[in-house]
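Two complexes, one shared chain (chain A), two partners (chain B, chain C).
Up next, the complex of A and B:
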C-alpha cells in the first residue's frame, strides 16, 4: 500500500455520509482498493473554496494531517456547541466518569491535535472507550433537532473509527485487538470461542450450527450468520432458520461465509474489513443472491452503511433485518405463536437497532404477540442511555467495563421485577447473560422465544 | 408518529437516494413531507453530508419520539403551534425568587 493510501485509510469515513451535496447514497465505488475509502474526498479547500481554513500544521505528520482535515468540521460542530447532552447517555462515561471518555472529548481531541496541544499517542487509549452504540449521536441536538434540516449531523462513531484506523496505520493499535484481528484474518471468522489454543472457530466449522437442518447453499435469499451466532450462541441461527422454514420463507446459506468485516472496521482494521466485504459480495454474486437476511444488528449496520460506502452503486443487494421480517410473518399470519410463555419480561433495545437504525417497534410488536408473556416495557428514548457494553470491540480490550455496563443494565431490569430480559442482538447476550446470572434474571434472544412459542424444538446452545 | 411507517429494517439501495429538493422559500428546500432543509447552496462552510433516506427518517422519527418522551415526563399540557388560542391561567403577580426586582 502506498503512503497516500495509508493516509486515506486513517482519514477515512466508514459510512455513506460525506461532505457531498449530491443526492446519491454512495460514490462511484469502482475503486475498492484496500485501504482506500471510496467515499473519501480531498482535503478541505481542494475544490477551490478559498474560504477553507489552511489546516496544514507543521507539527502534524501526513497521517494526522489527513485525519484532522477530514474531521475538522464535525469536531468543530461539537466543540463550538459543547452542550454535552451526549454525556449521560454514553454507557462508557456512565461507568468510568472520565471526561476523556466522553463523546465531547473524542471531538475536542481533533481540535487539540490540530492546535498541537496533544499527540495521537496521548489519546490512543481513550478511543478504546466506546461501544459505537450511537447514543451520543442521536441524543446530540446537532443531530436530533437539526440534523435533517442542515443535512449534516454529529458523527462521533465515525470519528472514533477513524482515530482507531489511524492508530492501526501508525502501529499504535491495541494489543488484544491486534491478536483478535490477526486470528480473524487467519480463520476468516472471529475467534469468538477464545484466542488461546486450538478452537473450533474456523471455516471448517462455520456451518456446524446448522447440523441436521439441511439448509441449501445459495439462492435468491441468503441468511447471513454472524460469528458469535455461528460458533457461540448457536441456538439463535437454529431458531431463525426453523422459524423461516415454518413460515415458508425460502433461503440458503453462503458458499463460503467469512466474517462480515464489521468488527475489523470498528477496531480500525479498514483494509481487512474491505477485503472481507469483497469476498462476501463476490460469494453472493456467484450464487445469484439478491437479498440478505441479517440476523444480527451489527451485520445490518455494516451491510447498510459500510458495504455501500465500500462498493458504491455496485452494492445493489436488498438487506432485511430479521426482526422486521419476523414481525411481518406474525402480522400476516404466516407464523403462528401458539405455545404460551408464562414469564414476566422486559426488552433490551440493542443499540444498533434502536439508536443507530431506528428499529424499535417491530421487536415490541413481536413480544406483544407471544401468548402468556407479561411484557414490561421501557421506552426506546429512555433506552438511548442503556447498553450491554458488548459492541465496538470493548469486551476484547476492556472486559471489565463491558461487564459493569451489563451489570447496570440488569439492575435496571431488576427494578421492573421481571424474570426475563429479552434482547435481539447476539453480541449483547453474552455479557448480559453473565450479569443476568448474578441478578437472577434469565437472558434470551427474541428469536429463541418466538421459536419456542411457535412450538419449535430449537437445539444448539445458548452459552459456552 | 415514530417512523411514519417507514421500514427501518428493510434496506433497498435504490430507495436510499433522497428525492431531488423542491424549493419552498428562497432559503429552504424540501425533499420529504414535513422535512425542511436549508438551501444546500447556503451550506458553504459546514458542508452537507451525503445522507441516505433512512438516516433522515431516523433523525425525524427520533426527534418525535424524544419530544413525546419529554412531554410524558415533564408536561401537564402540550400546546401545538397553530392550535386555537389558549387563554391560560389568569395572570397573577410572580412571587418567585428575584421576581419584580
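Up next, the complex of A and C:
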C-alpha cells in the first residue's frame, strides 16, 4: 500500500520531470575549483532579487567563500526543509546509521560553514561517506515535486564532489585517495590491480584485454574501455566488442586511452580529471572520432555531464551507452539471442544508470529477451535504495562499508531465490561478486550474458 | 534542577567503555551540529545553544541502560533522538548533555505470523520495515506523511498520527508493547498488562499510554512489539470539489459518520490551502477556478468490503453538491500525499516573489463543531503576522479525521505556514513563538488540544502545557519527579522544569 503510494508518487512526478532530467548546463561540473568563477544563476533567493541575503563572511577564506556562495541556495532549500526523505534511501547511511553521513547533513554543513560554526576540517571525513549514487536526489521531494516548476533539483552529488575538491585544494584530502590518484596520474590508468609495488596496469597493458580480437584503432566510433574493465574484469570489454562485431557495428579503440578522469573528479581531483579529459578528447579529435560508446555507467555520466562542462560547445561528440545500444540491436533483430541461459536471475540497477541517468527500461528489455532466463525483477524505485557501494571512491577509503553495502544487496537478492545477480556496471561487480561468493549467488555482467546467449565464446576473466 | 556541565573527558571515556566500538561516541562539531536541527523552522542564529555535548550510537538495551545510569550519576541531561523528523523540536537538546541516537537499533527481531506481531528496534523506519514484511503479506500500517523518514522510536516518542488511522489506528493503537529504559536506568516492559503480545488487559495501571508521546522526558524506548495487519487487497480514493468551504465541511462529516469500516481517513482542504496549492504546487492537479474547497476520502480493505463501500462514498460525497474529480487523479493525488510536504521549499513574500521557505505546521485536535470558528481565528492571526513581518506566508489548512476507528467528533486541524528561515533573526523568531502561542491558545479556548501528533515541546506551545492540562498538570509533575528525580531526561521540555521548582507553578 504505502510502498505503492511512494512509487506512484514518484512515477507520477517523473512523468512531469523527464522533459528535463538533466541539470541545466550552467549548474553542472565541479565549478567550485579555485580560479573558476562560481557560475551565476542569480544570487541567493530564487528570483535573484534585491532581497538577497548578505553573505559577507569574513571568517571564511577565499576557497570556502566561493564554495558557500555557490551552494548557499541549494543548501538552504534542503536546510529549510530538512525532512530527511533522503536518509533511508542512502546506501551509506543504511550501513553506518550515522546522521553525519546523511545527504541532508551534507547540505546543513554548508550552512554551518557559512555561519562560521564548522570548518572544512570538521566535516572532511563526513563527505567521504558517499558513493555518489544519486539516490537522495531522486528521492528528495524537492526534486520530485517542485523540481519541474522551479527547474530545481536538490544537488547532493555535486555538493559532495565540490567539498572533496575543496579538501584537495586545502590539502585535507584523504590518504588513500591521494595515493590512488597519484598512481593514476603516473600510470594514466587507475591502479585497479593494487596500489602496492609494481603496477601491471599501465599504458603498456591498456589493450591487453583485446588479445586476439583484432580491433582497429580509431575510426568514426570508438569503444571506451574503463580501467576496471580493461585490467580487472576483462570479460566485459571482450563480450562487448564481440557482440558489436557480431551485430555489424563498426568501432575502434583509442590511440592512447587514459582513464576517463571520472574517478578523480569524484574524489575531488578536478585538475587531474580535466587534464585526463583533455588528453582523451584530443586523442579522439586526432583520429576523427564522432561517436563514443561508453561501456560503463560511470564513464557515461562523466562524458555526458563533466566533459560538456569542461569543454562547453567544443564537446560535440555523440555518447552512447552500451545498454541502450545493445537493447536496440536486439530489438532490431541485428543481434540474435539463441542460446538459452537456464538460470533464475534478478537485476541490479546500477546507480549511475538508474538514479543518475534514468536508464532502467533497456536492461530489463535485454534480460527479457534472453531465452531460458527466468527474470525476477525488483522495480527501479525500490532499487533507489540499493547500491553496491562500489562508486565515488568509497571502496578505496572505506572498503568495509562497500563490502557491507554489497552484502546487503545480495541479501535482498537471496530473498528472491535466484542463483544469479545481473549487473550492468563493472565497478559494482567486484564488491557484488565478493558478497555473492558468500551468499552463493553468481554475479554476472549483463553484456557477458548477452554474449553467451548470442553464442559467443567470450574469454577474458571475471576476477583477478 | 540540573546544571549543565560542559562534559569532560571522563564522561567521554566512560561512554567509550560502555559503547566499546569505534565511532559510537561522537564529539566532533559536525556530529553535534547535525543533531541539533529538525525540519520545523529553526532558530539558525541560535544553533549553538541547542548542541549536545556528546552523541552516542548504541546498539543494545544494556548499553542504553548504562548510559542513562551514567547520566544520572553525573546529573547530565540526556536526549533520545530517532529520525529527527519531529516537528516540535522534541529531539533538540535544550541543555546540551548526551544525545542518544537510536538509529543503530534498527533490527527486525521477530516476525510472529501466528500472533500477528513484529518486534523491532526503535531505529527502524516504517517503510523499511514494510519492505521486510512484504513477502509475508502483512504490513505495519503506521503511515504518517513522514512514513519514509520517521522511525519507530520517534513515533512512540511523539504518539504520532497515521493518515490511515481511521482504519488501522494510530501509533498508540499499533504499538502493542515496548521496552523502556527509565530515567534512572532500569529496564521495564510496558504494554497492556504484562504480556508482550497482549492488546487488552485490565491488570495494573495502563502504563502504555503514559509512556506514549512523552517526547523522551520519561525514558528511552529500546524495543517495540508492533501490530501486523493483512495487506489491503484494494484501495479506493476519491476527491470531491466544492464551491464553498461550508458544504465541503458538512460533506466531511457525512463521510466520517458513514459507518464504513474500511474508511481509512477523510481530509479537507480549506480555500487558503486550495489557493496555495494552485499557486505553488505544480504537482497539484489543476482545477477550475470555482473550486474553493476539497474533501478527500480513502478506503482500504478487501474487495468484498471496498467495492460496495465505494458506492456509498460516491453517494455521500455528492449528496450536498460535491463534484467527483475522477478516478485517476484521486488515487494519484492521495498517493502523492506523503511527498506533498515538499512544498515548504518555496513560498511567497508580500510581493508574490518566490522564496525558499521552511514549513511550520500547527496540529491541533479540535472538536468538529468548532472547526469553522477556529479556522477563522487562525487565518486572522496568520494574516496579521504576514502583514507585520516579512518572513511568514499562510499556506492554508488541512483537516483530517483524528480518532482511531471512529473518525468523527474531533479532527486534526493543521494550519501550515511558510517561514523564511534564511531571514530568521531573534526578532522574527520571537514573532514566530508568539504566533504559535496565539494559535495554540485558540485551540485550547475552543475545547481542543494544541497538538494532535507532534507534541507540545516547542517554544510557544510548551508554556501552555500547564494551561491545557489544568488540574492534572500537578499529577504530571508528580510523575515526572518520581520517575526522573534529577530531571535528566530531555530537560527543558513542556514546562516540566516546573516539577522541580517546589512543585508549584510560578
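To be clear about the criterion, the second predicted complex is superposed on the first by the 414 of 464 C-alpha atoms of A that agree within 3 Å, B and C clash if a C-alpha of one lies under 4 Å from a C-alpha of the other, contacts with A are read in each partner's own complex, and residues count from 1 in each chain.
The rule is simple: contacts are C-beta pairs under 8 Å (C-beta built on N, C-alpha and C of every residue); 3 or more make two chains touch, one makes a residue touch a chain.
These numbers come from a predicted model, not from an experiment.
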Partner chain(s) touched by A:97 [first = chain B, second = chain C, both, neither]: second
Partner chain(s) touched by A:138 [first = chain B, second = chain C, both, neither]: first
First (chain B), second (chain C), both or neither touched by A:88: second
Partner chain in contact with A:304 - chain B first, chain C second, else both or neither: first
Touching partner for A:382 - first (chain B), second (chain C), both, neither: both
Partner chain(s) touched by A:371 [first = chain B, second = chain C, both, neither]: neither
First, second, both or neither for A:216, with chain B first and chain C second: neither
Touching partner for A:123 - first (chain B), second (chain C), both, neither: second
Partner chain(s) touched by A:323 [first = chain B, second = chain C, both, neither]: first
Common interface positions of chain A, toward chain B and toward chain C: 16, 49, 51, 73, 77, 144-145, 148-150, 152, 382
Touching residues (chain side chain B, partner chain A) in the complex: 2-3, 7-14, 16-21, 31, 35-38, 40, 43-63, 65-66, 68-69
Chain A-touching residues of chain C, taken from the complex the two chains share: 23, 26, 28-31, 33-35, 37-39, 41-42, 44, 47-48, 57, 83-85, 101, 103-104, 106, 123, 125-128, 130-131, 134-135, 139, 141, 143, 146-149, 231-232, 235, 280-283, 300, 331-332, 334-346, 349, 353-359, 419, 421-423
Touch list for chain A against partner chain C, complex: 1-6, 8-10, 12-13, 16, 44-47, 49, 51, 53, 73, 76-77, 79-85, 87-89, 96-100, 102, 105, 108-109, 111-112, 115, 117-119, 122-123, 126, 139-142, 144-146, 148-150, 152, 382, 415
Of all residues in chain A, those that touch chain B in their complex: 16-27, 39, 49, 51, 73, 77, 138, 143-145, 147-153, 155, 300, 303-304, 308, 313, 315-321, 323-325, 357-362, 379-382
